[in-house]
Each structure stands twice: as C-alpha cells, then as structure tokens.
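Presented sequentially are two complexes of chain A, the first with chain B as partner and the second with chain C.
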Partner chain A sequence: MLMAAIVLAATLFLPFVVVKPNRILQGQGRSLAESLAPWAGTALTLALLLVALSLIFRLPTGVKLVITMVSLAATILALGGAAHAQLPPGNSYARVSPGSGFWLLLFGLSLATIDVIARLKPSPQFRLLLLLIAAIVIGGIFASGILSEISVIKEYSNRSDAFWAEMRRHVTLALGSMCLAFVLGVPIGVLCNRVKWLRASALNTLNILQTVPSIALFGLLILPLGWIAANIPGASAIGIAGIGVAPAFVALVLYSLLPVVANTVAGLENVPREANDAARGAGMTDMQRLVSIEFPLTFPSLLAAVRIVLIQNIGMATIAALIGGGGMGVFVFQGLGQSAMDLVLLGALPTVAMSFIAAIILGALVDFSTSPGTEARSA
Partner chain B sequence: MKFWPLIPRLILLSLLIAFLVSPESFEFLFKPLVQANAPAIYNQGSLASLTLLHVRMVFFATCAATIVAVALAILVTRPFGAEFLPLARTVVNIGQTFPPVAVLALAVPAMGFGNGPTLVALFLYALLPVFENTMTALTTVPRAISDAAKGNGMTALQTFWQVELPLSLPMIVGGIKISTVIGFGTATIGSTVAAKTLGEVIIAGLNSNNLAFILQGALLVAALAILVFDLLSMLERSLMKWKAA
Partner chain C sequence: MIDIQSVTKRYGGKAVVDAVSFSVPEGSIAVLVGTSGSGKTTLLRMINQLVSQDEGAILIGGEDTRGIPGHELRRRIGYAIQGHGLFPHRTVAENIATVPRLLKWERSRIDAKVAELLTLFQLDPALYADRYPHQLSGGQQQRVGVARALAAEPKILLMDEPFGALDPVLRGTAQDELLAIQKRFGTTIVIVTHDINEAFHLGDTIAVMDKGKLLQYGHPIDLLKTPATPFVEGLVGTFDRPFRLLSLGTIASVVEPGDAPGEPIGIDKTQQEALAALMWAGAQVLPVTAEDGAKLGRVRLETLLGQAIRPQ
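This part shows the complex of A and B:
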C-alpha cells in the first residue's frame, strides 16, 4: 500500500528529471509526462499506475517479481530517454540530472522488489542468479548508450580513465587490507583461543581501536609511517610513505582486525568438545587438529567475518581520499568541493553498488557454508 | 558493584574534563608533534563547545532513532504487523551496507551543507542496531513466561507493558550502546560536509598537516565513545540484575 502510494506520488507530482544550464547551477524540474515525448510520457505514467495497482492486489509472488523488475528497468530507460529529449541540441554545458521523482520511484520500486524477493525466501543459488540477471540488464543499459546524456554519465565520460584507476585502487585497498587482516587476525584469534589471559586484553585493545574515528586514524598513521619511510632503508622503495596509500591501507587493516579476531575466537569456541576429544583420541597432534577439525568447523564464522570486513572496508576506503590514498572518495570530495553533485554521485553510487554486490554474494556464500543444523554464530 | 574497575574510567573522565576546561595546560604533550611555529592546541574554535555540539548531535540522533526503531520493532512483532517482518528485516540489512560517506554525500543535494546530512546519516545508522536488538529481544521472550502472564488473566497489552518490554530492556540498551559508538565515529565524518563536530579539528589538522590537531580530535572522540559505552554497559548490567530479581 505504502509503496504503491510512493510510486503514484513520484510519477504524478515530483520532477522526474532536472534540467540545469550547467553542471553547478540549480535546475528546473520536469515531471515524467513532460520530460518524454508526449505519447511516451503518457503511456509510461499509465503503465506505472497499473504497476502501483498490481502491487496492491494479490497476485502470485513470481508474477509480482517480474512486474517490479521490469518496471525498475523501464524507469532507468525512461531516465535515459528523458535526457535525450530534454537536452537542448548543440549545448554542451547543459546537464540533465535525475530528479527527486526518479529517486523516489527507484526507491519505491526497489522496496517492492525487495519485499517480493523476501517473501519468496529465495535459496542462495536463486539470489545469485537474480544478481547476475540484474547485473547483465544494468550493464546492457549502460553499454547501449541510452543513458549517455545523463549528467552523471557525462561526468564519467569526461574522466573515464581516472574513474577506472580509482576504482581499481578502491578495490585493491578494500580487498588487500582484508587479506592482510586475515593473515594477521586468524593466528591472533587461534592464540586467544589457546591462551585465555590474552583473550580479554586483545579483544579490549581492538575494541578501543574501533572507537578511534576513521578520519583520525588515517591522519594519525601519517607520522609513524613517515618516520619508517625516512629511517628504515628499503621501506620507501616498497611504497611505504607518510601520505597516500600506505596509511590508508594500514588503517583499514587495523579496523578489520576486530571482526576477524572476534569471529575466529567465537568460531573456535563453538567447535563441539566431542569433535576435539575424538580427534585427540585418534592421536592427532594439536596442529593436525587445528587444520583438519577446527578450521573446517570455524569456516562459516570466518566467512561471516569476510562479509563484515569487506562491507566495512568498501565504505571506509572512500575516506582514504582525504589523505591522498585515492579510491572513489576522490570524486566524492572533489564533487563536494566544487559543489558539483553529479560528480559526488559518480563517486558515491559505485561505492554503494560495490558494497551491495559484496553483501549479496557473501550473504549467499555464508548460507551455502552453513549446512542445516550447524548455524553460523558470528560475533 | 565493585569500585576498582571504575578507577580507570574516572581517571579518563577527569582527564577529559581537565583537557576541555584548560587545553593550554596540556600543550607540553602536543608540542613535540608540531613544527616549531605551528600551534600545538586547536585554535580555530573552542574544543569544549565543539565537544558539546558533537555529543548533542549524537544524542539527538540516537534518541530519535531509538524511538522510531523501538516503535517499528514493536509493530512488526505484533500479530497485525507480522506481514512486514521479512521486509523490515531485509531493509535493515541493506541499510547497513550503505557506506557512511555515500549517505552523507547523497544527502547533501537534498539538505545542503551543514548539520542536516550528518543528522540523517547518524539517524539511519543508529536505527539498525536498536531495531535488530529490540526485535530479537521481543521475539525471544520465553514462551512459558508470556503464557503464564496470559494464564494470570493479563490482556495482550498488559503482557506487553508489564512482561515483554521490561524483559527486553537490557537488549534494547545494548542496541543503543552500539548505535552511540557508531554515531560518535560517523559524526566525525560529518565534518567533511561542514557539520559542527570534533571532526572539524581532525580535518583542520589534515589540511594544515598538524598532527597535534588530529590527535586531539581523535583522543576526544575516542574518550567520549569509551565513556558512553561504559556508562551504557553499566545501565545494561543493572537492568539485567533488575530483570533477574
């Protein structure tokens, strides 16, 4: 009901696109019906009304899923069409941005889609399949050039090389720091499990570390890393420096350690005593037991840690831009500085998309790894 | 409650207050971190007032979020709201994947620079832990207890006010605790969109390459977060005891 109302309000009353004389000035709103060719605008408005109605009635969930997904795609296509129709020919400064109507429509339809998917109680395989379909459709829309006149895409095509370079930097930062955090964190977790007095102090230290605000931690690492670069031979040769990627990388590793260590400890604690006793009885050494009994049983808990850490890192890597560490934050902060909101979107939307994709894939993997009966317990 | 574990916190609290009242007397600690003629203590505004603004912002956002989240959680755990439970759960999970900087940046076009976007981001991030904890607490009230209440002739409303809600309080406070700690960090990031918080001190330090500023901002935020975390933990424990009694 509520969702249907959102969809209706968005199509009828709010501006679907905003036409601006250039990339910084405020623009003028145009509703969905105004912004496309007359026949197309009217037809789409009617179609969306029908969609809103269909959401109220009881239809098979599968049918609803198809309806919502098709209307999502149609909304995005309409945005592209509107931009082509609204842009004055030959004016390369004018910009067409998505308006509040578009965002609300997107929000309402996504909510409806999510609701339908949640009701289907999809298996992990099905969730991955849906993600794949969505990725192909959205990729196809981008590749087709229909969206090429949208302001955000224009910002992109003006700096597509920089975009992909920063994207690679962002992913490297997030994934690389996660890998290092696991290499360091899992042994610490095992040690905390074996040596009881170490446990409380290690977890407390990491907890306190998490309360240091991320911007500050990035900044504080400038000094020690700068000192290392200046005083330890060879350090600067492998890329350690006071500003740039190095402090960002170290900060992300530090933040990732808590979930990794905590989940390792929690996972090891949940290994049934019988399993360990049986292994000892079979004459396994401590090391053999760790590798062949405890790690496999701890795996779901570690996977849950991968999920937490990866989402956290993708978000936090945006802040790296403040200390010259690169990543998608470069566009966000540049955009904020020039008050060019399209540039902000160019940085923020891919970040949101990345964490969203990571959440879906890892959520499905976590479900795969927990066979019925053994529930993953994450900290 | 034993007295000894309180001592480190009291020391931290008195240090915090002493630093805010008279930052200059701590100058000798920060002097080695800066170049000879750079200021060692933040000089573009009062640290105490920024701290108050920071705390106030986190407080208001967390309060608003707590009211909304608890109300929502109560709604979806009632029989008439059960239909929205899967949706609420999924939305909450998805909300958690949105990066803070992205939320702040996306709120700017709608609300302009200043405190607005930060309040929105704080509110959104505070919603999730409180909602999740309240929902878990309400759905895990032992069946035997609510049945006993019903057997005593209590109405559904009475059972809720006198049995279910009191039993859930410690976990709700636990959720508020997580929200507040996240909030202190997020409010700091808010200064990138010109919110008046301690983040200003840190960003001033980053811009002028002044390590002392960064450290002051970081220590203040961390100390606040730790103290509030401890305070709420104490509240949580005493509620737990009260619940057991």
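This part shows the complex of A and C:
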C-alpha cells in the first residue's frame, strides 16, 4: 500500500530528472511524462500507474516479482532515455541528473521487490541467482551506454581511472582490515573462552572502543601512529604514518574486533558441553579439539561476524578519505566540497551497492552453514 | 588392572568422592551403582583423568595414571559419556571413527570397524552411517555413543549409563553384545548404571556408592548375602532377593541325573529362568538339554527353592 503510494506520487508529481546548465548550478525539474519522447513518457507513466495498482491487489507473488523487477529495469532505462532526450545537442556543460521522482520511484520499487522476495521465502541458492540476474541486467545497462548522458556517469567517465583505483583501495581497506581483525580477534576470543576473568575485561574494552565516534578514533590514532612512524626505524618504510591509509586501517581493525571477539566467544560457548567432554574423553589434545570440534561448531557464528564486519567496514571505509586514507569517500568529500551532488553520488552509490551485495551473499552463506548437519538438536 | 587407592575429589570443600578404594581385576566387569549425585560419574572420570583426584592414586596395569599424558591415556581407554555426547557436525560413521583416526588407523580398517560396530548394535550401516546425530532417535544416538567408545578396541572401557535410553528388549540385546565383546577381547569394564537388574546381569563385581562414599564392593552374591548397610540392602531389593540370587546361578550347578516329562530347559539358562519355567508349567521337575538338544538330566523345583535361601 505504502509502496503503491510512493510509486504513484513519484510518477505523477515529482520531477523525474533535473536538467542543469552545468554541474554546479541549480537545475529545473521535469516530470516523467515531460522528460521522455511524448509517446514513451505517457506510456511509461500509465504503465507505472498500473504497477502501483497491481501492488495493491492480490496477485501471485511470482507475478509480482516479475512486475517489480521489470519496472525497476524500465525506470533505470527511462532515466537514460530522458537524459538523451533532454540534453541540448552539442552542449557539453549541461547535465541531466536523476530527480527526486526517480529516486523515490527507485526506492518504492526496490522496497516492493524486497518485500515480494521476502514473501517468497527464497532458498539461499535462489537469492544468489536473483543477485546474479540483477548484476547482469544492471551491468548490461551500464555497458550499453544508455545511461552515458546521466550526470553521475559523466563524472565517472571523466575520472574512471581514479574511480577504479579508489574502488580497489576501498575494497582492500574493508577486506584487509576484516582479515586482520579475524587473525587477531579469533585467538582473543578463544583466550576469553578459556580464561574466564579475561572475558569481561576484553569485551568491555572493545565495547567502549566501539562507542568512540569514527572521526574521533581516526583523529586519536594520528598521534600514536605518527610517533611510531617517526621513532621506530622501518615503520614508515612499510607505510605507517600519522595520516593516510595506516590510521584508517587500524581504526577499521579496532572497530571490527568487537564483533569478531564477541561472536567467537558466543560461538564457543554454544558448543555443547557434552561434545567437548566426549572429545577430551576420546583423547584429543586441546589443539585437536579446538580445530576439529570447536571451530566447526563455531563456524556459523563466525560467518555472522564476517557479515557484520564486512558491511560495517564497507560503510566506514568511506570516512577514511577524511584522513587521506583514500577509498570511495574521496569522491564523496570532494563532491561535498564543490557542492557537486553528482560526485557525491559517484562515491556513495557504489558503496551502497557493495554493502548490499555483501549482505546478500553472506546472508545466503549463513543460511547454507546452518542447514542440516551443523545444527544441534537440543537434548 | 585398575587399582583405585583411597581416591578423594572435592568440589568447593565438599568431598564428592571420599576416600574410595577398590580394584577391578583384568577382564572383569565392575558396576557402579548409587543414588544420583553420589559421585559415580566423577569417580569414572578420574580413572581416565578427565577429572584429577585431590588425594589418592589410580593405577592402571600398575602404572600411576598421573604419569601418563592425559590424551594418550584416554586414547587407550574407551569412554561412553553420560548422555551420548556425539559431535553434532559429524556423521555417525565419523563419530565412531574418532579414536581410530586419532590413532592413525588405515582407512580401510576404520571403515570395516565402523560397519562392524553399527551392525553389532543393530543399525544398518547403509542407512545410518552417513546420518547426522540429530537425525537419530535417543536410543540410536546412545548406541552410536557406545560404538564410538568401542571403536579402537580398548583394553579398558568406561561406560556412564550407556543403555539408559534403550527399550527393555534393545537393552537386553545390547547388554549381551557387550558381554560378547568383553569375552572376545578380554576387556576390563567399569560401568555406571541406575538399573539394579543390569548391575546383577553384567557385574562380576558391584560397587555401591552413596554421598561420595563407597559403601560396599564385592561379588553380587556378597551384596545379597551380607549387605554392608541398610542402604545396600534396600538397593539390592529386600523382596526380590531370592530371585536375584537365583539369577546369579547357572542350571549346570543344580542339574541332576534322570529324566522328566515336559518342555526341556537349556543348560545355558539361569536358575531364575529355570524356576520361572517350572512355575509356569506347574511342574515339579523338568528335563535339561544341551544347546544341541542332547539330554543332560533334569532339574527339580525343590532343589531350586533350596538355592534361594539366604546364604550363610
């Protein structure tokens, strides 16, 4: 119902695209019907009204899924079409940006799609398949050049090298800090599980760390890391410095430690006591028991930690740009500085997409790992 | 084989096993009985050093257990934990193969052993080997737990209420299988049970525990003949004492020459079973035959009743 209202409002009343004389000046809004060729605009408007209606009525969920996904694709295609139609020929300063109508439409339709998917209660395989289809369709739309006249894409083509370099940096930051957090956090978790008095203090410390605002933590790290770089020989040679990648990386690792340690501890605690007992009774050494009994039974919990940490880090790595750490945040902050919204979007949209993809893939993996065999029947 | 020498274990200052001494001869079965919380599990776990005693010593084959690294000791001793304690992420076959794998047996030998044990405990390997523990019933889980303890053919076996979840019929067959294995390998077994019938059926010796103390340790007949305390007397059951006594004797010791009409009784039966057959047939005397059916003699009701009198 809400989704239908959003779609309706977005289609009828809000500007679908904004045409601007150049990338910084305010632009003029055009509704969906105005922004395309007359027949196409009217047809699409009518089609979307029908879609809005179809969301209200009871239809088989499978049908609804197709409807919403096709409308999503159509909306994105229309955006490309609108840009081509609205741009004065030969004017390379003018920009066409998605308007509030487009964003709302995208939001409403995505919400409807997610809602429909959730109602289907899809298996993990099916969710991965949907993701793959979506990736192929969206990738195809980008590759086809339909969207090439949209402002964000123009910003991209102007700096595609920088874009991919920062993207790589972003992913490296997020994944690298996660890996290090696991390398450090899992042993700490095991230690907390074995040494009872350590647990409370370790978890409390990490909890406090988690509450430090990220900017503050970045700032706090500048001093000690700067000191290390200046005073410990070789430190600056391997890239340690007060600003730049090092403090960003360290901050991300610190933030990741709490979920990793907490989930390790919780996972180990959930290992049935009898299983541990039987393992010792069978003559396993502590190490054998850890590796072949405790870790496999802790795996779902660790995977949940991967999901939390990865999504958290992908978002938080954006802020790394503030202290020279690079990543997609570079575009966001540049854009904010120049009040160029398109540049902000160039940094923000891929970040959102990455989090989304990570969430779906890991959600599916978590489901896989808790399917029969690993779940214990409580006695 | 197992010498327990005034062993004490305290938790929070309270002795849950209090200066217990007894020894289990090689190749025999000792049964631990007693009330809940009397320290049976704790005592059992001190034998394989899962729990270390505060005082006293435990010798296995004359060797102090504390001189052997814990994990090596435990690989030599089969342990069927109270409950089943199966590893939820491992299949039935993998669970059973735990100790053989730790001992680095050959793959083919492990597979053969797993199949043999599953069959022995009436679980079709084709059906059950690849299942996960949560796909089994409680009784099936328990049998797999026992099979896992037996897998490496240990010389010593510790079992904590291993058949508690089995129905009476399955429990009977499982007990007989255990006795057969014990005969074949000459295993020394210490088994905890709450089932006094099981204790009399399996035990060469019975240890009665209460509140951490060993009240009596001896041959089942000794417990009937001279119960050390009223608690022991109550435990072995005052009103079915005579039948228990008969259940400990074989027909071979009461058979006499001669013949009799009626359904013959096998020589391998207990005196209790012979009494039941006589009473059910309403007969004073029945013939006794060997396993191959050959006539061996007869058994009289009167003789059996004489056997059930309180021993002096």
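A few comments on the model shown:
As a working rule, the second predicted complex is superposed on the first by the 371 of 379 C-alpha atoms of A that agree within 3 Å, B and C clash if a C-alpha of one lies under 4 Å from a C-alpha of the other, contacts with A are read in each partner's own complex, and residues count from 1 in each chain.
Rule of thumb we're sticking to: contacts are C-beta pairs under 8 Å (C-beta built on N, C-alpha and C of every residue); 3 or more make two chains touch, one makes a residue touch a chain.
Values in this document were obtained by computation on a predicted structure and should not be read as measured data.
Of the two partner chains, chain C is the only one that A:Gly281 touches; chain B does not reach it. In the superposed pair of complexes, A:Pro272 makes contact with chain C only, with no contact to chain B. When the shared chain is aligned, no partner comes close enough to touch A:Gly145: not chain B, not chain C. Note on chain A: of its two partners chain C and chain B, the one contacting more of its residues is B.
In the complex of the two chains, the chain A residues touching chain B come out as 100, 111, 114-115, 117-119, 121, 208, 210-217, 219-220, 222-223, 311, 314-316, 318-319, 322-323, 329, 332-333, 335-336, 341, 344-345, 347-349, 351-352, 355-356, 358-359. Residue ranges of chain A in contact with chain C, taken from their complex: 272, 274-275, 277-285, 288, 293, 296-297, 372-377, 379. For chain B in complex with chain A, the residues that touch the partner chain are 33, 86-87, 89-91, 93-94, 96-102, 105-106, 108-110, 181, 184-185, 188-189, 191-193, 198-199, 202-203, 205-206, 211, 214-215, 217-218, 221-222, 225-226, 229.
Interface residues of chain C, counted against chain A in their complex, comprise 48, 50, 70-76, 79, 81, 83-89, 98-99, 102, 132-135, 145, 148.
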